[in-house]
Each structure stands twice: as C-alpha cells, then as structure tokens.
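In structure tokens below, several structures.
In what comes next, chain A is part of two complexes: it sits with chain B in the first one and with chain C in the second one.
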Partner chain A sequence: MAQITLTNVSKSWGETRVLKPMNLTIEDGEFVAILGPSGCGKSTTLFLLAGLYAPSAGEIAFDGHDVSRVDARDRNVGIVFQSYALYPNLTVRENIAFPLRFKSVGKPETARRVEEAASLVQIGALLDRRPSQLSGGQQQRVALARALVKEPNILLLDEPLSNLDATLRIAMRAELKAIQKRLGITTLIVTHDQIEAITMADRIICMNNGEIAQIGTPDDLYRRPNNLFVAGFIGTPPMNRVKGHATGRVLKVADESFQLSADHSGDVTFGLRPEDISLVAPVDAPLSGLIASVEPMGREVFYTVDTPAGPIHALEYGETVRHATGASVGLTWKPELGLLFDATGDRLGGLHPDLSHSADSRTAALQPAL
Partner chain B sequence: MSQTRLRAHRPARPLLYLMPAIALLAIFFLGPILVNSVIAFTDMGVNLRVGQFTLLNFERIVQRDGRIPMVLMTTLIYVGSTLFLFNVGLGALLAMTTTAIPEKLGNFFRGLWLLPRMSPAVLYGMLWIWIADPTPSGLLAQVTIALGLPTVNLRNDYPLMLVVLANGLVGASFAMVILTSSIRSIPAHLANAARVDGASEWGVLRHVVAPALSQPIRFITIYQALSLMTTYEYILLITGGGPVYDSTPYALYIYRRAFENGAYAYGAALALGLMVIGVVITLLQWRLTDMRSTFAAPKIEVL
Partner chain C sequence: MSSAMTTAMTDLDWARLERRGMLNRAGFLAFILVFLTLVSIPVLLPYLWLLVKSFTSSDDAVSRLVMWRSAGIAALAYLGAVALCLGATRLKRPWLAWAVLGLAILLLMAIFVAPFMTLSNYRFLLTRDISGSGNTRSDLLPSVWASLGTSLAFAIAQTAIVTLVATPAAYALSRFAFVGREAFLRGLLMLHAFPALALTVAVFVQLHYMGMLNSLSAVVLVLSALELPYAIFVMKGFFDTVPWDIEMSAVTDGATRSQAFRMVVLPQVRSGIIAIATFTFLRGWEEYVLVQTLLIEKTQFTMSLYLFFVSQDHMGVDYGMVAAVGIVYLLPVLILYSFTQKYITQMSFGGIKG
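== the complex of A and B ==
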C-alpha cells in the first residue's frame, strides 16, 4: 500500500509534449480513476507510475520516496494492460506465477499464492489452459490475478474493461471495486468511460490534452465542473451549452435577457444539464420553444426543443411521453443548477442567471429602452 | 423487381486450379528425379551412352569408395557449424540487436548484411579469395604483415573454416529477416508486462523474445539444413573443394565425381543417396519439433 505523489511531472517524446507538468497526490488505499478522451495521455501517466517510461521532468514519489529513476521491476506495482499482455507460451498457472519467479518465493508458497489469486478472480478451474484458449473476460481475470499475486503496493489498470461485452463490463465493475476495497490497495484505473469512473472511483482525475482538467469526487465533477471541458465530457446526454454575453447584472442569450446573481462582463457560456430542465406551459417560463424531436428511452423521454437560444435537450423521467413533436413548451429549472463559464471556459463560481426576473426582463427586452 | 436466382454453393474444382503448379512440379522436380533414378542404375559416362543396367554404383558407394566417410564427416562439420553458428545463431543475434537499436540504424545494418546475398556469387567468391590470398596483396596478409605476424594461407590450411565463414556470413541474413519480423510481431506490452513482473532486460529476452522465436527457428533450421546440404557454389568458387578433397562436402563431391571425373551414373547414384538423407532428416525433424502445430488452417475454403 502506498501514497503516490507527482510533483511537476511532465513527459515529452522528442519535440511533442504529451504531458504538461502535473501535480497530484493519491492517498494510500484510494481508488482513483483517470478519465479522459482517447490520446489525452492517460496511459502515459500510468506507465510513468509503473516505471515503464521515465518522466522528462519532475518527481514521482511513493510514500515520500523518490522513485523517478527506479526500474519498473523494483517498484512493486501490478499492472493490467488494455491488451492483457499474457505470455502466450505459458499456461494460466505459469502466467500468474510469473512475477513470483523473480522474488525469493518457494514452490509451495508460489502454488498457494497462485491458487489464492486465481480464486479471488474466480478462474480456479482454468489454471492449466493457455491464454489462447480463454475468452476476453477470462484473459482479463488472469491478467488481474497476475498483477495481484505479488501483493503490489500499487495496482494500475489500463482500460481493463474496454474489451469486454456490456453485461460482463457491468459485473466486472462491481467485482473490481469489491476486490479493491477488500485488499485496500492503492489503485488507479484508466478509462475513457465516464460511467466506469463514476461508479468505481473514490476520486476522478479528468484529463484533457495532456493536462489535468479537474480532480475531484464524481459529484464534484458532475455538479461543480471547473471548466467547459469537464462540463461537456461528464454526463450523458451532455450538458446544454449556450453562448451569451454578460454586461453588469444582465445576461443576454439570443433575444432573452436574464438577471445575474452578481456582476460580470464579457462573453459567457451558459450550461444546464438536460435532466435539470422541466417542461412546463409556455406562459411564465424563462425560455420557450417548439418540440423538435421526442425520443422515448424506456425509463426516460429525451426531448429536443427549438428555442431562440438554439436547440436545447431535456430529459424527463418516466415512461409517458407528455409532449408531442411540434408542441409549444416552456423550459424552467432551479436557478442554482444553471452554470456560467467565462470566455476561457472556466466556471464562474457563485454566478447564475436568476429566473424570477426573467418575465420582467423579457418584456423589457421587447422594449429596447433597457 | 429483378429476377435474381440464388445459386447453391458449388464446390470449386481444386484439380483445375492446381494444374499449373502440378505441371511445373512434374517437369522440373519429379521428372529430373525420375531421370536421375534411372541413370543411377546404369554405367553412363561422358559419352552419355548406356551400356548396361547395374547395381555397381551403389556397391561402390557402400563398399569401395574410400573417400565417402571423410566426405560425410566434412559435410557434417560444414553443415553443422554453418547452420548453428551462422545461419541460426548469428541470424538470431542480428535480429535481436538490430531491433533493439534505433529503427533507422537497425534498418541500415540489416541492409548491409543483405548486400552479399544480392551481389553475384562469383563476385562474392572473388572477394573471399582476395581476403584469403597469402601473397602481400591479400587483405588478411596485409593485416598480418602490418602486425608482424606470420602469414597464414587460409585456403590451404583452414579451407573448411574459410567456406563456413563465407557461407555463414551470407546465410545469416535469411534468419535475420525472418526473425526480425517475428520480434516485431511480439505485442509491445508483453515486454513491459515482464518488466513490471520483475524481469531484467535479459529476462525479457529469455521469457518474451526467445519463446516467440522458437517456432520460426525450427523452420529455419530445417530449411537451411537442406539448403546447405545441397548447394556448393561458394565452395566451388573459393576452394574448389580442395586442397584435394579437404573442403568437399557431399553435394560438391557428387559434382566432382560426375563432372570432373565424368562418372555420370556414379554421380546420379550419389545424388539419390543425398535425396534419401534429406528426406530422412526432414522427417526426423518434423517428428521431433512438431512442425504440424505451426501450420495455420487455410483462410479460404475451396473444397
């Protein structure tokens, strides 16, 4: 078990900078997900921790000891690769026992630990097969057992579930989380799937373009995204984002005007999650429009509403379709759920458009005096 | 609506498609074997006339030809050392080292090793004769003179070593090319997995690279053993099989008996012997190394 600290760690391949200087601390026993789109540097971060890549600058420390120049084989980390990377010429048993060859572990002890790791991931019956005779899910379990058998200080998982089918993925999510909690091992999981990150991790490191966009609990990232990237990346369907302009206490979005809770000036983006929108009668709603499409999705219904501010998506829970295509509806929401981001994409904390004044400001907008 | 008729799957006619290959094999492979087998049972000489059908040639191989044991020994040393030291050993070493260094440099070195294979055999032979020439113009002689060492006459004193070297340096490139692609096809993260699991770079070589090379090495061994047993062009060019018969392996011995001594029928009988040896070795290796397991099922279905 170990605490991990990264201080100004960066990585370049020749001229291209893949990771910008990165600072972060992961507590002992924590389960952290690295989430981000493909190519943003998630695997690179993981391989830096494993010692497979050397950082171009900065320091990586385990429990306060600098390990930046320590070889992978001396770091005592377990890793599950996206491709599983099982040794094709060895049986499952030999694969799992492989890391113990390099430690002074006797034969009976090796056999015991292999059995133990195998039963932990429920592959006790497959020990004499070769990797080529296993399904993807079984290979993934073997890779996990091989990573766990040496009782590593840190467990690193590189998109371990991405090659599994949907049902298995959901089952493995719960299982992985249970194993991690049981062993209390500091774990980093790389994923591009936000559901995976949200359901499994204590904290999420959201990455974009080789830098950390935000670190926080799943709720932080969902409710209090630091910037437009996180706001747009987390949540399906994604947050509605509408461009507007703020002058003093007035926010103008398309032809609508809203009162702001505090002063701000400049171009802004207004963000609102589809599930936070209620569809009501057009009268007195801060925004209204015509329903452009209706998609019943089982538990919920997904509406697209054409408004003066552009198309807005709204989710309504329940199976019944209450509005038909072409119907005129009003959109309303709890004012504090509407988020504002400045021109650079950073969230303006504590600033929301107020709805109660909207009726006045709308009439005001019709009279160009204001 | 157009009238599309669904035609049931009809098996193709394999014989028809295989005909060109079968014809080529028959004319250039089976035909010569047949002709050779017939000649082996005659007394044919340079005049190409058949006087009688006889078993005398075989009796001569087994009982009367005193050079045969030595020729077999020479063949064993020549094939064995060229094969294991160079065609497999050096080839594997080159593949491993040229894939471990930066890619451009690796490609350059591999290109260099392929050069002798691309140059005409006569030129390559001449090069070695110049290297081994004991007069002051020879390359080796110049080196030994500069160092104040006694001159050696490689072609006279170490003819077998010379032909092993000359053949091996060309032969290594075959394994180098095949094994390079085998090393390249190892999944990148397999070596990383081994490193994280505690293996040193030697451990990676032993546990990840070596297992991936074992199958292609079996194939290279069988293929190169047969090819070394049956070819002799560099030996003929560099030492001519001499002095006397000192660097004459079996294949060259057949040539010398048949074309230097004009004993065509005897040469044919010797050649038949070589064929038997080749088949026996192939079958043995097939059995011992489980070659069948390396064959993949066909990707298209014809029958």
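== the complex of A and C ==
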C-alpha cells in the first residue's frame, strides 16, 4: 500500500513529447481511473509508475520516497496488461506463482498464496491449465491473481476490461471494485470507457493529448467539468455545445439573447447535457424548435430538435414517445445546469444564462423557425 | 395438385444437382491425385532406386531388372495405399486391409527382388579395404566411421556456433531500436542472397594467410559465418512474435532482463531455435565444396569427401557401393528430420501462438 506522488513528470521519445509535465497525488488505498481517448498517454503514465519507462524529467515518489531511478523489478508493483501477458509456456499455477520465484518465499508458502490469490478471483479450478485453454475472462482473472499474489504496493490495470464481452465487463467492474475495497490496495485503472471510470473509481484523472485535463470525483467531472474537453468526453450522449457571444450581461446565441448571471465579454460556448433538458409546450420555453428525429432507446427516448441555435439533443426518461417528428416543442432546463466556457475552452465558473430572454428577442423565439 | 407437381419437379432437379456435385468433387479429387502423383515420381523414384541399388550387385543386367521390378512393386503399393485411403471409411476393419496390403507387397518383394539382393555393398562399414585388393588406395581411405564422426563433429560445431550467435543477435535486432537497424536487416538479406561459392577463392587466400588451411575448425568458422545471416533473419521473425508485454510483465514480477529472457522469451522461440539448428546441421552435414577446397591434404575426411572418394575409382566405379554409402550418408538426416520436422513446419508461420 502506498501513496503515489508525481512531480513534474514528463516523457518524450526523441522529439515527440508524449506526456507534458504532470503533477498529481494519489492517496493510500485510493482507486483512481485514468480516463482519456486512445493515444493520449494513459498507458505511458502507467508504465512510468511501474518503472518500465524512465521519466524524461520529474520525480515519481511512493510514500514520499523517490523511486524514479529504482528498477521495475524492485518497485513491487502489480500490473495487469491490456493483453494480459500471461506466460504461454507455464500453467496457470506457475503463472500465478511466477512473481514469488524472485522473493524468498518457501514452497508451502508459495502454494498457499497461489491458492489464496486464485480463490480471490475464483479460478481455483483452473490451476493446472495452460493460458491457451482459458477464455478471455479467465485469462484476465489469472493476470489479476498474478498481479495480486506478490502483495504489491500499488496495482496498475491497463484497460483490463476492454477485451471482455459486454455482460462480463459489467460483472467484472463490480468484482474489481469489491476486490480493491477488500484489499485496500492503491489502484490505478486505465480506461477509455467513461462508464468504467465513473462506476469504479473514487477519483478520475481525465487526460487529453498527454496532459491532465481534470482530476476529480466522477461527480466533479460530470457536473463541474473544467473545460470543454472534459465536458464533451464525459456523458453519453455528449453534451450539447452551442457557440455564442457575450457582451456584458447579454449572451447572444444565433438570433436568441439570454440574460447572464454575471458580466462577461467575448466568444463563449454554451453547454447543456441532453438529460438535463425537458421538452415542454413552446410557450413556456426559453428555446423552441421542431423535432427533427425521434429515437426510442428502451428506457429513454432521444430527440433531436432543430432550434434557431442549431440542432439540440434531448433525452427524456420513460419508454413512451411523447413527441412526434415535426412537432413543435419548447426546451427548458434548470438554469444552473447550463455551463459556459470561454474562448479557450475553460469553464466560466458561476456563470449561467438565465432562462428568461433579454427583452429584445422574446417574439423571435416564439416563432418556430421555418 | 399443381403444388405437388412443382415439388416433384424440384425433387428431380435437386437429385440431378446432387449427382453433378458428386461428380465434380470426384473429378477434382482425381485431378489432384494424378497431379500429385506425377509430380512426386521424379522426386521419390531416385530415393527408391538408391535404396534398391545399394542392395544389388553391380552387374548391369541384374541391376536394371531389379530396379524396374522394385519400381513396379512400389507403384502397386502406392495404388493400393491410395485405394485404401479413399475406401477407408467404408471398411469395417481398415487395419486388416492395410496388413493384407503390406503382406502382399512383402511377398512380391520376397519373390521378385529378394533373390538378387546382397549385403556386400555395405562391406565398407566393416573394412577399410573396400576393393578387397589391399592396394595403396585403401591406405588413403579412412574408415567410414571416422568420416561419420568427423562430419558429425563438423556439423554439430557449426550448429552450436550459429545457434549461440544467432539467438542473441536476433533478439537484439527484434527488441532494440538502434541507429542503422533497418540497414543491418537489409544487409543480412543481401548476404544471404550472395552466392557463397563466389567467395571460395577469397576465403582460401584469407585462410592461407591466417595459416588455417587444412584445419577443420577453420572450415567450421567459414561455414558458420555464411549461415549466420539467414539464421539471424529467421530467429528475428520468431522473436518478433513474442509480445513486449510478456517480457515487461516478467520484469515487473521481479525478474532481471536476462531472467525474463531465459524464463519467458526463450521458451516461446523454441521452435525457431530447433529450426535454425536443424537447417544449420544439415548444411554442415552436406557441405562439400568448401571442405574439398580448404582441406587440401585430406587428412580428415567428412562424409561428403568419403562419398566422393568412393565414386572416384579409375578402375571402374562400384555403383552399388556408392549407393550404399549414399544411404549411410542419408540416414542421420532422416533421423534428425523425423524428430524436428514438427518444429520446422511451424517456421512458415514465423512463430508460435500461445
């Protein structure tokens, strides 16, 4: 168990900078997800922690001790690779016991710990098979047992669920989380799947282009995204984003004007989650339009509404389709759920457009665009 | 009424189509069989005749008779085997049919071929005086066992050198990105494409200046150098199939790089090592030109030199004995292949899947 601190850690290969200087602290026993699109440097971060890559600059510390120049084999890190990386020439038992061969662990003790790790991930019956005789889910469990058997300081999981089928993935999500809580081991899981990150992790490190875009709880990232990247990356379907311009207390979006809760000037982007929008009668709404498409999705219905501000997506819970294509509807939302981002994409905290329009364009909004 | 008629019509149609399908399949099978047979004859017949010849006396007429008879019997055996393979599913006890076929062939051999057979061609296994005259020629000729030993030592030494050098070299080429790696790989291929014979004179001169002519170890070194590029190239292909993850996993599990190599990487390229070892061994075993050129004084005979010597008799060549020596020369290769062929066939896949 260990606390992990990264201070100005960066990584380049030759001229290409893969990770920009990065600072973060992961508390002892915390379960943290690294979330980001593929190629953004998630695995690189993990391999830096494991010692498989040396940082180009900066310091990595476990419990306050600088380990930047400690060999991978001495860091006592458990890692599950995306490919599982099982040793094909060894049986499951030998695979799990492999890390113990390099520690002074006696035969009976090894056998006991292998059994223990295997039963933790429920593969006690498979110990004498070869990796090639296992299903993907079983291989993944073996990899996890092998990572846990050495009682590592930290556990690193590189997209452990991405090769499993959907049902198994959901089951493993809960199981991984339970195992982590039970062992209390500091864990980093890499994923490009936001649902995985949100459901499992205490905190999420959202990365983009070799940079940390935001660190925070799942709720922070969902409700208070630092920037447009996080806002767009978290949440399905993605947040509606509409370009506009603010002058003083007035926000102009297309032909519409809204009252702002505070002063701001410059180009802005207005963000609103589809699930935060309610479809109402056009008269009551700050924004209205015609329904362009209706997609029933089981538990919810996904609408696309053509408004003067462009197409807006809205998600309504419930199975019944309440509006038909071509119907005229109004869109409304809780004002504090509408987010504003400045021209560089950073969120303008505490700034929301009011639902009541600025006086000059009220009539325009009432007329459905046609 | 009308629907019943259409059904009848289609039933007929289907039956006709089924017949056509069966005919097509049978025709295709026949074509494949005939083609493969025709291609195999020129490849396999020499081996049969070599074997038969090695057991026949050198008399021309007898020799011809035996060769044609054995070829005839072999053809019968082949046809019988093909028929059995095709009909195997319909037979209740296929092994019985095979036994009958085997017995019949043995009987035919015993009646038509065996009376002309002799073991005398193999007398070189027991005595150095192969022509039975006690002349000076036999003084020059070492015992065949010594030659076999020399060839074996020669091929094994070459195999050991090539395997021990090629494995780490290929690993480095596969794993480490260094300046000029691409050029190096291209160079390897070019070296392999180079006709080695063209080098003979240069190598002769070089060994002469190094004072290493007439030394078997010098020939081993030269041949190893010639074989290395290909072996490295093949081995690199095998190392390329071992995922980086697996090695890194071993390192995080506490292994050193060399332990990871030995315990995790090496077992996965075992087929590759066996393949290059086999090929190198065979190259060494069959080598003739360089041995002939570089061992001027012929104090140590390899099997290839021995075979050549036996076939170089100014008094008239004893072809029966040449064939017998050929068989003895071939035998170790066959044995080696039967052990390693299952690994060599994997070479075409460039590695193994876990």
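Rule of thumb we're sticking to: the second predicted complex is superposed on the first by the 356 of 370 C-alpha atoms of A that agree within 3 Å, B and C clash if a C-alpha of one lies under 4 Å from a C-alpha of the other, contacts with A are read in each partner's own complex, and residues count from 1 in each chain.
Methods note: contacts are C-beta pairs under 8 Å (C-beta built on N, C-alpha and C of every residue); 3 or more make two chains touch, one makes a residue touch a chain.
All values reported here derive from a predicted model rather than from experimental measurement.
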Overlay on chain A: chain C relative to chain B, clash or fit: clash
Which of chain B and chain C A:210 touches, first, second, both or neither: neither
Touched partner set for A:338, first chain B, second chain C, both or neither: neither
Touched partner set for A:41, first chain B, second chain C, both or neither: neither
Chain B versus chain C as contact partner of A:131, first or second or both or neither: second
Where chain A meets both chain C and chain B, residue numbers: 47, 50-52, 72-73, 75, 77-79, 81-83, 85-89, 98-99, 101-103, 146, 150
Chain A residues within the chain C interface of the complex: 47, 50-52, 72-75, 77-79, 81-83, 85-89, 98-99, 101-103, 131-132, 146, 150
Complex contact set, residues of chain B against chain A: 187, 189-190, 192-200, 203, 207-208, 211-212
Chain A residues within the chain B interface of the complex: 47, 50-52, 71-73, 75, 77-79, 81-83, 85-89, 98-99, 101-103, 146, 150
Chain C to chain A touching residues, read off their complex: 243, 245-246, 248-256, 259, 263-264, 267-268, 353-354
